[in-house]
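Right after this note come the structures.
Note that subunit A is present in both complexes that follow, paired respectively with subunit B and with subunit C.
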Partner chain A sequence: MAKGNIARKLQKPALIGTMLICYLFLYLPILHIGLGSVSKNYSFPYPPQLTWATFEKLAENTLYQTALGNSLLIGVLTALLSTLLACLATMGLLRHAGRHTVKFLILFIAPLFVAEVLLGLSSLIFNGLFLQLGGNLFSAILANTVHCFSYALLIIATQLYRYDWRLDDAAMVFGATPLRTFFEVTLPLIWPGLFGAFIVCFIMAFNNLEISFYLLGATPTLPSVAWGALRYGIKPELYALASGVNVVVFLVLGVMFVLMRTGAVRFGHKPERERSAI
Partner chain B sequence: MIGGLRISRDPRAWIFLGVPSVFLVLLFVLPLVSMIVLSFWRTENYHIIQDWNVDNYYVIATAGAYVTFLIRSLVMAVIVSALCVAIAWPVAYGVIVYGGRYKLLLSLGFAIPFLTGEVLRVIALQGLLGPLGLFNGVLMALGAAPLRFIMYTNFASAIGLVYLYLPIVVTVIYLSLLNFDMRLIDAARIFGAGPFRGFIEVTWPLNLFGTLIGFALCFVPCLSATLVPRFLGGPSGTLYGMALAQQFGESGTWALGAAMGVVLFLLSIAGVLLVFRFVDLRRSGFTGFGRS
Partner chain C sequence: MYISLQGISKQYASVWAIDRVNMAIAKQEFVSLLGPSGSGKTTLLRVIAGLEKPTEGRVLIDGQDVTELPPHKRGVAMVFQEFLLFPHRTVRENLAFPLRMMKMPKAEMDERIDWALGILSLQGLDGRYPNQLSGGQQQRVALGRGLVGRPKVLLLDEPLANLDRELRQEMEVEIRRYQMKLGIPFIYVTHNQEEALSMSDRIAVVNKGHVEDFAERTTLYDKPKTAFIAQFVGRSNKFEGKVTAADGGSCTIDAGGLSLTASGNGGLKPGDAAFAFVKNEKVALAPEGFVGEDNSLPCTVRDVILRGAYAEYLLETSDGLGLVASRPRSGEGPSIGHAVVAHWASGDVDLYPVKPDLGLRR
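Now for the complex of A and B:
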């Protein structure tokens, strides 16, 4: 019994300690390069001598501007396409697949278990060799969609898993067409899941290197330009670029978090399952 | 493939399930098949010649370098995935038990770095581990010698891979624990089980499925890592994925690269299947998808 008590006393500090060390490990590099990007002494900014020069140089660079445009295009179109397909697929799985659910589920989440570099390379072989297509934005978007689709499916499924389909049936009993039911009943209730999937897919496709790289040919994207520059060693503008993207990602997810916190958006929370008391 | 399955008489089923299935078959399955086809051809002076042979596989099996890279990658992927699971469990459990109303924020805090992209995170890692990085900067500011073993070594690659994939493992185990009914632990405790026994007999087996998904989602990208070994691994740190990517870049030997890709694909699938052999879905509380 005494042993159990010691274990229980140690549990809390040990778990919280591990958590803190992991957060430190994850965020230390991000904070370090963030500080480096706004300092003159970028490689060891302690104490920092603040300057915005690196960001100004970055914003004037036309290569980075083109790359940013391409990355945004890939991100938005990939996110739209994967959210749409994943929404169809989730509803199909939950409502129409019947006893074939597991087979379809395996097909739909298989891309998660195939490495990004293999997705990129196999699409390159298929496009370049069998379809005689050169590098273009469109195939990069489609290949990214394959990857993001599975993530979107999982995010939307957590939301739709608890959706009460009798609401749809009720609407249809009262004479609504399937399309009208979707837009007036289903969509207003599930849009947070779709929105979450869209955001996550956008960020993933925007930052993707290994899939886009092989399908784009000479078209630059932000990650591929960063990769090219990184081959010649770390430079201050790489720190600035990484920090800039980090800040935007944190802002977007921060806004999402505030929406969730205030209850404007709910992502399939189940408070009744929380532990009652110890 | 879909035609073989009689889904239902409802035509909507064909739209809901058919459109995504056709999409995946065209853009995911067919490219993989074409990679397999190419792996049986050969490349000569940057041209692909269509005569069927297994020379590419012979080269991979006999040229010592590829076998070394492959074994190094496998060892690296197993160690990194096991390490990630070992670190992620206490973290995810801690967030669930002690997170309280900040649970969501704490778990998002782990998921966010995963979304900022591999290149940018490798840049951040170089800022931490590189010759001009934070660790060595601190050491040199204190007047000590820089640490050699964290610059361009396999150890640095391992740190980098843990850094890259820890977030997804934590998130997956967190989601598994979130759906786990914590009252079961209380029940075990009421019936006299100690905390350790309760964990081994209740918590661990019921979350094994989620844990293994986390393991697999770390194992697969680690096995094919290209960026981390290139920028952190140094001269003796070449991993299989990096050698594979080079066949399509500098060396231009596409057919050999395709064969290496097939080997990598088969190994990932074998790894995932092996891992999931251990799970009894019923025992792990998995009740099926969408039939509550």
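Now for the complex of A and C:
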């Protein structure tokens, strides 16, 4: 009896302890860099003396600004292209593939398992040889899209799986062309899924080093500049850059979370839930 | 005829979901496609809508061959079992959808929508979203969306299946009323014989992808053409046996020691295996010792099920054969345990061969 009581008393602290250990493991390095980026002694900010000096240095460095512009471009265009392609592929899979769905799906997500280095290398060779693309942004966007497409497909597919395609039937019976059906009925109901895929692809392409490295030639991006900067020691700009990128990523995720909580965005159309709510 | 289906077949992989269906429907007709689930009735409706392309055959609407036309060019409308209202649009916007697709001027559109809201008593709900409506209200909006564009034909796919019984009976009357008012054909898919019988002018009984019979509802009920219809429409006692004697006017079959006489022979010869059906309400009850008519059978009342205006007597013969008689509840009927004689006229026995050759492709 006494033994059981002790076990029960320990249960809650044990749970909380495990949770804390997991969170510390995940976030301590990031917190350390974040603290460093706003401290006078950035390499050992204990105790911290707050200053924006590292960010000022980052702002002065035109190389980082060019790199930021390029990374944004890669991120946005890759995300747009992969979301669009993945949306088309998912609709094809769910509406027309029938019993072959799984076979097609495997081929669509196989690129996930190709090492990024290999993908970068093979894209470099192929794009140069057959598409006459030297190392440039466009070539990098194409290669990143190969990688992001599979993620986008998985995200969109989990959402569209619940979409009731008979709503499209209804629209067509009532006189809508297939294109009009898509824009009037399908898109307004599935856009949150597409938006989620876009955000994830943006973050992945924005942060990508391995694929972009092979295809960009001399064009700088944030990850490649940061990697190159290592050779000259870890400069304060890198602290600012790392925490800056992390803040942006967490902000984007935070916005998504708020949108979901307030119901402004529901990921995936759930007619069954709406009906059961009556 | 206003709508004509000519030799419609639909093959999925190697299965014929619909097999050579021919139907002609007049402009003012209310037609039901009645059949069990998986019989192909919904597929047939989707072929008329253009949502499925038939493997063989032609669909004609108002004299025009629409077989190759996509759904949005057919001028049809449909009411779905799951309602399928657009969840991101209000009631008014849902009703406006077909009209917008027709590029109707705004003033006329508003007039039409108000008309639909009026006849379906949906006034005051036009700003609501579908998930803020009850099932019955959603169903009425779905019906309104089907009627508002004055389609050439309204296709209804089990529209009442998701409603409770009371609401369903109310809607049956309403739907029939709109059909007569608008004077357009309604094609109504259902697995519920009561729905089909209460609303339709004619009923097509669909079984295994083919139409067993397409006839006036009274004909279908009183003179079922096939064993399937006899079993599916109405409630009947079913006997299986061998034909012992048959001439032009009558036929006798032996069903497990029970001898049944039927008028007409259903094309059967002595020795053929046959099904015999007697509708529950055709079985009359008489006191013990009664002899007469063509078929009489001494039984015991095992149970009485009260159905309101009538009662169902579950009977059992001394051989253990079960039998049901439906009688109107006038005066005192026999009670449980009583010995009675069940009897019926030979004209009320419908005979069919056990293995009819439907000539279907399998």
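In the analysis below, the second predicted complex is superposed on the first by the 244 of 278 C-alpha atoms of A that agree within 3 Å, B and C clash if a C-alpha of one lies under 4 Å from a C-alpha of the other, contacts with A are read in each partner's own complex, and residues count from 1 in each chain.
The rule is short, and it goes like this: contacts are C-beta pairs under 8 Å (C-beta built on N, C-alpha and C of every residue); 3 or more make two chains touch, one makes a residue touch a chain.
Just so you know, these numbers come straight off a predicted model, no measurement behind them.
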{"item": "Partner chain(s) touched by A:Leu230 [first = subunit B, second = subunit C, both, neither]", "value": "first"}
{"item": "First (subunit B), second (subunit C), both or neither touched by A:Phe55", "value": "neither"}
{"item": "Subunit B versus subunit C as contact partner of A:Val185, first or second or both or neither", "value": "second"}
{"item": "Subunit A residues touched - subunit C or subunit B, whichever exceeds", "value": "B"}
{"item": "Touching partner for A:Phe195 - first (subunit B), second (subunit C), both, neither", "value": "neither"}
{"item": "First, second, both or neither for A:Ala176, with subunit B first and subunit C second", "value": "second"}
{"item": "Where subunit A meets both subunit C and subunit B, residue numbers", "value": "178, 274-275, 277-278"}
{"item": "Residue numbers on subunit A that touch subunit B, as the complex places them", "value": "3-4, 7-8, 11-12, 14-16, 18-19, 22-23, 25-30, 32-33, 36, 43-44, 46, 85-86, 88-89, 91-98, 100-105, 107-108, 110-119, 121-127, 129-130, 142-143, 145-146, 149, 157-158, 161-162, 178, 200, 203-204, 206-210, 214, 223, 226-227, 230, 234, 238-239, 241-242, 245-246, 249-250, 253, 257, 260-261, 270, 273-278"}
{"item": "Subunit A-facing residues of subunit B, complex", "value": "5, 7-8, 10, 12-13, 15-17, 19-21, 23-24, 27-28, 30-32, 34-35, 38, 48, 87, 90-91, 93-95, 97-98, 104-106, 108-110, 112-113, 115-128, 130, 132-134, 137, 141, 163, 166-167, 170, 175, 178-179, 181-183, 185-186, 194-196, 216-217, 220-221, 223-224, 226-227, 231, 241, 244-245, 248, 254, 257-258, 261, 264-265, 268-269, 272, 288-290, 292"}
{"item": "Contact set on subunit C toward subunit A in their complex", "value": "49-51, 70-72, 76-78, 80, 82, 84, 86-88, 97-98, 101-102, 130-131, 133-135, 145, 149, 155"}
{"item": "In the complex with subunit C, residue positions of subunit A that touch it", "value": "164, 166-167, 169-178, 180, 184-185, 188-189, 269, 271, 274-275, 277-278"}
